[in-house]
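Going in written order, the chains are labelled A, B and C, and every chain counts its residues from 1.
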Amino acid sequence: MKTKKNKAITIAIWVVISIVVVAGLYLYAGKEPFIRTTLSGLTLGSLFFMVAAGLTLIFGLMDVLNFAHGTMFMLGAYMGWQLYTNPTFIFGLMPFILAFSTGIMMTSAIKPYLIRWKLPVKWIEILPRIGYALALIAAFIGFAGIDILELADTAMVAASVATANNPLAEISPQLPFPLFWYRPILLFLSGFFIAFASSKPGVKTEFALKDNLIKKLLVPVGLFVLTIIAIIVRESAPEAILLMNGNWRFLISMLVAVAFGFLFGAVIEIAFIRPLYERAFFIVLMTLGLSFAITELVQLLWDPLAYQMVRPPLFAQPGKAANLLEWLRNGNSTIDIYGVTFPTYRLFVILLGLIMFTFITLLMTKTRLGMIIRAGVQDPQMVEALGINVKRVFTFVFALGVAMAALGGIGAGPFLPIQPLMGDQFQMQGFITVVIGGMGSYVGAFVGAIILGMGRAFGDYFALKLSLSPAIAEASTVIIMVIVLLIRPQGLFGKKE
Amino acid sequence: MNNQNTDDNILIVDNIHTFIGQFHILEGVSVKVPRGSITVLLGRNGAGKTTTLKSILGLTPPQEGKVIFDGMEIQGKRAFNIASLGIGYVPENRAIFRALSVMENLKLAERKKGDFARNEEFIFNLFPDLKRLYKLPGNHLSGGQQQMLAVARALVPDNKLLLIDEPSEGLAPILIQQMMEAIRSLSEKTTILLVEQNFLMASQLAQRFTIIDDGKSVENGLMKDLTNNEEMIHQYLGASIKTRKELERQHEN
Amino acid sequence: MTENINPKKNRFLTNFQDERIILVFLVLLIAFPFVMNLITGTGLNEGVTKFWQGQFIVFFIMAVFAMSYDLLMGYGGILSFGHAASFGGGAYTFALLMKHWAPNFMSNYRIMVGSINITEAIVLIFVFLAVLLISILIGLLFSATSVRLKGAYFAMLTLALGSALYILVKATDFHQWTGADEGLHGVPVPLWLNPTQNRLTIYFISLIFMFVCYMVMKRMVNSPTGRVIIANRENEDRMRMIGYNPVVYRTIAFVSSSIFAGLAGALYSIWNTSASPTMISAVMTINALIMTILGGIGTLIGPILGAAIMQTISQFFYTWFGARWPLVFGILFILIVMFLPYGIVGTWRLKRLDVKNGWKRITGMLSRKE
């Protein structure tokens, strides 16, 4: 009972402090600047949350400090922006990726048979290596002769006169079908060889049941169908998407960013993080290396330039809307909120953050998966002992975290320049958010993001008033972090060890 | 060794060696658990009893030796695979999930949908307290309630074997009694491999014993033979065992 | 676990640690500019010879920086992502004082010993003392945060502190002093230290600097204090029970490592005659981290090797792969992390138990569980 009382008192103190701070700011700044700064703070906080939510879940469950999270944020922005302005890149590569994953997904179907294969010891060692080598060769031949740089080629400011008159101006040329048809097959083979090698033929200590073959084939067959579709729509889909209404196009690009983030996160976890769980320290190095390599890859594909994404029509019309309804009807770029002119797109970003918070809360409290995650944060070994495949949950959480960061990226796309290092600042702030909120707590990440966003916004406001540069405000977020850590070393919502 | 009759032994641990880091913790442990019995692992603190349980379950996989469960070799498999074959585990530190409510703790242990609904009545008959605490979060439970929840959690799926690690540790005598009753009535349903420091409890519950000393299994046999063999008790369990008088005094309190 | 130890190979490894082999390398490096000059005949301060001296100077300085990181991480078991603060702090202190204070001072005062003007020497000594002071302060700042925080929280705080410094250095508010984004350029170094006119001097100074730092760190690691620092890494609670205060020893590790990094930074600032925000950024820390990993953690000789490899790679990869060479390097780095986890020297010495144990500790450094 005593702890309950203490808890109530602490919460009361926090509430009083925040009320005092907010009231003080209101009185000092005056109504209009206060509302404007608060709203920009919420916008920033929303973006911070989208980065921090993944970071905190990933750290809480598997002790991984993901230094590639900002890179994933950036990738999300790039992918969404590509679909929005020049979908050829995505549709041109889609058949390859789908064919490749069809091959890899065969693993669970073929593994039960392969590991029961009676092989001499020598072959057990050699066969996987042959498999990997063949996979490399097949992938190489499959890709040879494709100019990815040309596929990715996009104008820096897509809102140029050319695109206004001709929405298809950005479309890049693709290979004709006769030069293309065999490539997905090769990529499928490449994936299949990897599946073959990674299921360790002949190794008896591996474990896989022979049951449910049809169920196991469901995923690869589904992917196969998707591959066929992707091959068929390869050349027609980009045009169709570019001719679409901009709002729908933006929605699709958000979905693409999320889907991409999820798949990419899953691949990263399985291929690069999973082999290193025994050596936690190396995961940090690995994520650093991944971040480095991916950033360079993006610079190779799109050059180290800053691109601008056109705002979707719903947020693009000049003029100020008097209320929400008017905005939704006319698609104004700004809106009047209690006498403050505020960009509508930023309101949308705040909404996006709230939606995501609701989604995570529902996921964590209402679903079995959420239960497993909460249990796993405390003791993954015991969860495994209950008969739950924790590693699969790890993969899911990593993928989910990356997907959220990617959504943040495309969310930031229309009002921030899209460039290879755009995620770095968000990653840093995301880490600070997570530390403030307590590692492993998504509620903590939410509260921390709001505190940090507000801190940044009001810091900028005061810096401007005192004629200092915004850099001072940015640096001072570290002070918030230090203060919180001095009071509570485990963060606001962190559990004590 | 291979021609053992696996029919009456649900679990055969055959000479396993386990390393934790570079420490050789188990240096040859063999245990046999007959179907439908309670077998107890005895030994001093740090002898390797808990590690034996963890090695069976694959949490600390053995480097050498065999573990045969229900006629199937399970050493080297992942822990969740082993557990889903029908092994329930009650860890020693009452590792219930503090962030989850009692209900969620139990629901989490389901392997198939409906596991909990099927065994709900049995569990709540065994531990009526849990029904009352159903919605409380795990960190609000007392030590004894946590222990009950930990046992109950292992009962949610229909396990063929329960590995129970020190169920009486840190419990009040009255709760020990309750726990003993519960375990006894469990043994009518499944097979139990128990680790227990409380010799009185162990001797009253178990039919068979295996003594582990310094990472090796040194003796095994029927419990009633051991209780009569004071010499063996003192040789292997001396330090950890309380004298009969002490136990009786504890019992009266 | 049966390990076949080849006695012959093993002797080589123990020899490798021996100071004699270090001496051989030292002699080779001293001879290098002259030999190069003999071969190419371009003159000591010109052409290829001069270019390679430059490459080696950067290598020497980065090696000291990487070693100081190894002292902290490999021996102290402290993972800091803000180590560049010491390096950049040293560089900026040096550049700031040399640019804004030294010219003033030298035009106003003249200190003579007999007929020799020693003003310049006094100024340099003073500036280096200031560098020392700043490094110690930065070391104390970082170690103070580690009193209450552990593991990932600590790593994050160092990262945040480091990046706060980076942001402040880049802030336009201090433009007149720090030069904001561009950094400080054209730092007036004494003529005899000028990297373009007297490159050979800097070559030898940084060579000796690296050698001395190596010896000092080696001695430190093997001293009783160093032993306590290492033991602290293994088990802090046990050391506390024996009666050593872990905080004190962690502070010693932090401050000494910070001093080496700060001096390296000051030297780097001489070599570049500038100080730029990159020197204080997280990229710099990560560079040190990568060098240490490449060479091998907790070996001291490893980071030197790692620095040499990095320097070579960045030199050749650029000519081979063009402007996007970091992509190739990134992939290489990922492969090394996956397949060569103990680094190069570390993999060599893998069979030595102490390295292995140390690794186990460091590997568990970020893990809360257990």
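Here is the rule we go by: a contact is a pair of C-beta atoms (placed from the backbone, for glycine too) under 8 Å apart; a residue touches a chain by one contact, two chains touch by 3 or more.
Keep in mind the model is a prediction, meaning the values are calculated, not measured.
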Leader among chain pairs (count of C-beta contacts): A-C
Maximum centroid distance from chain C, chain identifier (CA atoms): B
Between chain C and chain A, distance of the C-alpha-averaged centres to the nearest whole Å: 35
Whole-Å gap between the CA centroids of chain A and chain B: 43
Whole-Å gap separating chain B and chain C, where each centre is the average of the chain's CA atoms: 54
Two or more partner chains touched - positions in chain C: none
Residue list for chain A, restricted to those that touch at least two other chains: 379
Chain A residues within the chain C interface of the complex: 59, 63, 65, 272, 275-276, 278-286, 288-290, 292-294, 296-297, 299-300, 379-380, 428, 431-432, 434-435, 439, 468-469, 471-472, 474-475, 478, 481-482, 485-486, 489-491, 497
List of chain C residues in touch with chain A within their complex: 79, 145, 148-149, 152-153, 155-157, 159-161, 163-165, 167-168, 170-173, 286, 289-290, 293, 324, 326-327, 329-331, 333-334, 337-338, 341, 362-369
List of chain B residues in touch with chain A within their complex: 57, 59, 75-81, 83-84, 89, 91, 95, 97-100, 104, 107-109, 111, 153, 157
Of all residues in chain A, those that touch chain B in their complex: 205, 207, 368, 371-372, 374-375, 377-379, 381-391, 495
